[in-house]
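So, here's a batch of structures to check.
Both of the next two complexes hold chain A, though its partner changes from chain B to chain C.
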Partner chain A sequence: MNSKLTTFCIYLLLSTLLAGCWDQVQIEERGFVVGVGIDIPRTKKTEQQAKQEAPDKPPVKERFLVTHQFVVPGGLVSGGQGSGGGQNTANEAFHNLVSEGDSLFEISRELASRTSRAPFYQHMKILIVSEEVARTKDGFARALDFYLRDPDSRRSSKVFISKGLAKEVLEVKPKTEKLPAIYVNSVAENNIKNARMLPAVRLGDVHEELLSPYSFVVPRIRPEEQEVKLAGAAVFAHDNQLMGFLGEEETEGLNFLTGNINGGMLKGKFKNNLVSMNIQGIKHGIKADLRDRQHMKFTIEIECEGTLAESYATMDYLNHMAMEKLEQVFAEEIERMSYDTIRKVHNQMKVDVIKLGSYLKQHHFSLWKKIRQDWETGQHLYEKSEIIVQAKVYLRNIGAINRTERQNNR
Partner chain B sequence: MSSQTLAEKMISKNHMGISIASVTIGVGILTFPRSLAKATGAFDGWISVVLSGFCACVIGWLLAKLAARFPRQSFFEFTSIIATKPIAYILTLVVCIYTMLFVSFEIRAIGNIAKQYLFYNTPVEMITLSFLLIVQYAVVGARVSMLRLNLLFLPVVLVVMLIVLLFTTQLFEVENIRPFFSSDWPALMEGTRAVGLSYSGFEIILFYTMLMKNPKEGAKAVTLGLSIPILLYLTIYMFVIGVFSADVATNLTYPTIELAKEVEIPGGFFERVESIFFTIWIMTIFNTCAMWLDITVLNLQSMFHKVRKTVWVLILSPIIYFVAMLPQNLVDFFTFADSITYFGMIVVYLCPILLLLIAVIRGVKGHE
Partner chain C sequence: MMRRFLSQRRQKKTPSLIAQRLQQRNDPTLALSTSLQQNMETFKTVLGSPHDLLTRSFFIGNTNHSCGVIAIDGLANCDMLDTQVLGQIQLMISTASKMVPTEPDEIVRMLYEEVLSVVEISKATDFTKTLESILSGDTALFIDGSAEVIIIDSKGWKTRSVEEPVSEGLVRGPRDGFSESIRDNTVHIRRRVKDPSLRFEGSIVGKRSRTDLIIAYIENIVDPELLNEVRRRISTIDIDEVEESGFIEQWIEDDFLSPFPQVHNTERPDKVSGALFQGRIAILVDGTPMVLILPVTIGLLLHSPEDYYERWIVGTLARLLRYLAAFLAVYSPAFYIALVTFHPGLIPSDLAFSIAATRDGVPFPAFVEAIMMVTTMELLQEAGLRLPKPIGQTVGIVGGLVIGDAAVSAGIVSPVMVIVVALTAIASFAIPAYHLAIAFRMIRFFAMFMAAIFGIYGVVLSLIVIMIHLSNLTSIGYPYLAPLAPQMPRDWKDLILRAPVTFLKNRPDALHPKDENRMNTGGS
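This part shows the complex of A and B:
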């Protein structure tokens, strides 16, 4: 009898081990952060206020203004039909919280004092860093450190550099999507339709670039009232500091130079009339002449494949001559764009975003080991090199019709 | 337990091999890509994985030969035949300390990683304790049934690993793995040393050969048992470098976990596989832990016949738990891990090989 009682007591004691869970968080208590925008504060107000509260605190160099976009699940389901009233603010599916501080972790924790749902980063889709932050020394790396270090967040969030305030990107009111962050995320996946967009850069990719000695590019985003424009590229030098931007066409040229094109369109002038082509795929190769180290010669060969999408020139495309001429026109256009980009990144900015250094590392490692220090810095061998572009276009198809209107009999 | 015949309590060659694979795949699988990438700085680390695996095979082969000389005899028994009884007592006790420390290390690793990725507020002490309790439960039962868990778990582990790797192929970048053969020999040797720490575990052959139906097959079992981790480490390293590049892999605390976190299965429902990854990983650590604790008990029992298994488990557990709580932070913990492995190299690699040498020279053999 006594032993039975003991066993019972032991079971009772052991059951206390089973009960309770330290980490229980109900799903409705989580504040799902879908997007984050990082800016530099415009006013000194909050800083001064903080100084008044804690006068002995040592002053800090940089401060961040961070916008967190939370999902409001209620706004997602209602659909806007039942409640009516068009732009009902109560019916919005997102909620932006802006907070200021000198550390991103501090800001994230500070939010807990303002919202009922503590931020939860596992579903963060986009991370927008403003131009100003990226221009400061090490600003980009500092802004991203928290999100890379936090075991909760993911390396697959997409990173953008905003021209203007990052906050404004998260404030656009798209008509098609309920959440601005999801909208931007979907837009970023459209690079298969448009060659002027850089392929999306993930947080993990940025980490890779920050650790590597090369220059790199990150997609540029520009906020407008109801939409964003995701075209162009932000150029970072090898010291991870923002140097400047590439325009839309320059980005397309860069995409051709690096072979990062999945689709898009190409315009050309044929007999003074506009023709355009739908790009369906490109092949890209580099040949290097490295005999003279002070004057290396790179030949970038681009082979582009596609179909005719639009033509204002009325002529018979179903013959060899016309096709060849047309291919020539498009090839010249690719070369023109590529050279424009080269002029900017090679001659003006002097940054190796064409990834020639990476090419040398991959294919001529013994040489690369010797010149690694002298590529973008030191002797500046990159600047002294010469880049030649050779484009070739294969027009596979002319579309459903040959001519739109009757050719003038002249 | 008693209804089993002796033959059923014995384990076959393949079973031994799978047990070796299960005990080898442990905490090292999460961290070795970092130390390897740091040492070699390139994709070439795979050469180190193979080299190190080869060394492990050679050592394992020697250990198996030693154990096979004395069929049905425990480590303590054959050590006392080869050397003298006092030496056998000392060596077996030191081995017990090593295997015990190993259990401490593994349960602490579970605690650390589960806290970092799964339970943010649960104290490490609690996670570690509950894990230790389950391991105790497994060890107190029949030895063969605990070893059979290996047969059950390892296929699941390998399949899930394969799925994780399959879904990361879309993130694999060829630029990250080139150039090939760029590391020099010192770097590769350093890498071999670094990855060698993740191969420790195959020394269980020394202690479990007495359970094998045919002890002569021990050497084959080691080869089979090590080929699984070698292949697994090879693919994991290749994928970690292909997905992250060597620079990033050097800077990730647990590259393999990050690799699992990168996986996104389209469709939304099964978007994240890292929870499954953690499950299988905890399963492997469970096997590793249970076997190490079992070996500790086995060795202690071979010295002191009178004490029951349950008693040993209850005596050891508080010590193991206490040692597991000693490292104060991650750096301490990694240093702790390294020192155990170096300690192990002397105790379970070097000493038994010396014993084998003495046995061969003196012509000592066990009774058939």
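This part shows the complex of A and C:
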């Protein structure tokens, strides 16, 4: 019995060697990819070169130009002191590798032949798809397929549509952060301060939308030399193709319509003077009149709460009549922006990014089951519906002072 | 397995070595004779007339009946012999003008009953018994013409004074600790437990060392089965010498292959009395301040008496901290290895990048790095323990500097590793039971190996292996993980949490105490 036990133990110990530590890669040998930008190649040069090397290869439809942003950890250590890793003379904390190909997986593997640190996607923060790619038929879904399928990448990566080249977003040189991708990632979280930004959309969210037969929005990003501008939204139709963009104010209107506002500001004119308020939160509700299916009537009620942030109009705000008038000004402003957005997405683009469909699904499911095919497509019930916005503003506070200067000449 | 092994051992109690030798020789001269001269000679030859043997013969009062004392110098209290024995016999009889009988046996009776003003005194006729008494510090008084010996208890060697326990310091709580003298130690316990049913069961272990051993328990609390099992195991002990209670511990433990201690030891009397009140048994061994407590549960090892002395919130938080420390002491290097080599995706991005940055240029994989650092730390700990205090500090400084700073700037290890190792060391010092901390140190290496081979999966595997072992482990037949496995929800208020004292109505169920209630109002 004892010798049997010994043999068993030996086998057990040996079996641990079989594992061979196959997943073992030291942390400093991984190429952390923090951001990926997907473009369409501008020139045919690489394609032709590939053709020369393998003339019998069948031609392909899509070609992508993918920019991977790798972290150079040595550059992150302040002053690059200590081990000083790498021969990075500029002491930059990132390293962009651009590669072209017809398959994103191929590109990813091709990178391994160019860098000492094979790409590792678990820390990928942002994924940027250029407008061009998104405009092609199924281009958006095809560009994301690899990242959705690869178990190594995370569904929490944020997705953006770039106006212009995606590559340029990853090449901005922000002053505050060492990594452009981390910079963009942090900017995307500022929607609590700015209502003109769409809340960040994660890769997983996009996947859900791609699977559903309805339209959706993805934040828009515009690269500049030292910074990016993250405002506006890219509108995708129910066939997952980019239809167009919403501007900054239209995005704000959309945020009011969907209730996706965590903070921000509102401007208004009071007695021809500028006043602005700091939004501290909104309450959002939808009422639907569904008696006539061909002409459904939705009333979106927005209750916005905030404080007075700025006022060029000199008056006594402690008077509640004045405040009520002021509240009215802001409410009208909300309604104006909302109607502007409705005009664009409802009348022109005819896409349900206000998510009235999902409201019906949640609150009137029996009806929704019958009309889900005819909402954005088929009978186009969405198009035929009517949307009314009712805004109400509560100014809770006038700030620390009442007047800035003496009331003029009175 | 161990249980079977124990029961197969010889049950019969071996007679003492001296008696054995006497039987073998069957020497008629080694019996007590009526002649004083001969008796003295016999003892001298048996003991080889050592340097520390005290012999003295003198006359009783002003008669010419001679008598003699034999004692071991240093073991026996000479002052006490001078005044209470020699003084009484030589002077008191004459001043009290007592009639000294002529019959030697009558003299013995008179001395025994009237003259000697000593509390502990007995008569013997057996040579072996007399010899043993002399060797343990008693004085033998021979009267010429009688084969009876009066044995006077004169134990009075130098003992260490009561000092603060070195290995178990507390902020709040009594400062006295056990010492090497078993008598002092029973005093410490007796002073705390005035319960009349406190029992000290004495026996002698060690064929040559003849060490005193006392099983202490409170009779109407302790589980009789536990008591019988402890008695049985003690009776199987068959060794030459018992220098420390560790010999007893290792002889009676359930599983000698387990890294976990199955018998607790302490030098705090308050801990022992607390354990006795819970229904545990203490074993005191002469010559060591370390008193054994059994049976052991994992809770006992991770609790400190201070948990009870401080208010319950403090006690509970301290316990939570200690359980956390136990986890960190075992698993922090393993987690470091697993995360850094297998799952960098689980580390927050910024931290992952900075770990990668600091590890840039470190020539070893994380596992080798960790093994190196942890081994060095063990070396430092061992070296610091052995060295006298002034030099020990130097080791700490040199070791700390070399490892903490020089190794990092030389690029041999990464700074994060230093933090992990330091955290591990500190966490293992936070565990109140030193022998449990040693067990954790061993398991740490096992966990590190598993982490290096399988990553987090291996860490979890190692946890499962340890848990399986722990739930199989028993201490004197009582489950080690009680009251977690088997579940005893009533005991949970004194495990990870320490409920307010007014809530602790019952003694631990795990010990099957005879008297479950700690309060007169009665518990649930």
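Just so we're on the same page, the second predicted complex is superposed on the first by the 378 of 410 C-alpha atoms of A that agree within 3 Å, B and C clash if a C-alpha of one lies under 4 Å from a C-alpha of the other, contacts with A are read in each partner's own complex, and residues count from 1 in each chain.
One rule holds for everything that comes next: a contact is a pair of C-beta atoms (placed from the backbone, for glycine too) under 8 Å apart; a residue touches a chain by one contact, two chains touch by 3 or more.
Just so it is clear, the model here is predicted, and its values are computed rather than measured.
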item: Touching partner for A:R222 - first (chain B), second (chain C), both, neither; value: neither
item: Which of chain B and chain C A:P73 touches, first, second, both or neither; value: second
item: Contacts of A:R372 with chain B and chain C, given as first, second, both or neither; value: neither
item: Partner chain in contact with A:I27 - chain B first, chain C second, else both or neither; value: second
item: First, second, both or neither for A:R63, with chain B first and chain C second; value: neither
item: Touching partner for A:R336 - first (chain B), second (chain C), both, neither; value: neither
item: Residue contacts with chain A in the superposition, chain B compared against chain C; value: C
item: Footprint overlap on chain A, where chain B in one structure and chain C in the other make contact; value: 21, 23, 122, 154
item: Chain A-facing residues of chain C, complex; value: 340-342, 344-345, 349-350, 352-362, 365-366, 409, 411, 452-455
item: Touching residues on chain A, where the partner in the complex is chain C; value: 16, 19, 21, 23-28, 30, 32, 34, 71, 73-74, 76-77, 82-86, 120, 122-123, 125, 152, 154, 182
item: Chain A contact footprint on chain B (complex, rising order); value: 116-123, 126, 130, 175, 178-179, 182, 244-245, 247-248, 251, 258, 261-262, 264, 272
item: Complex interface listing, chain A residues touching chain B; value: 17, 21-23, 122, 151, 154-156, 204, 207-208, 211-212, 358, 361-363, 365
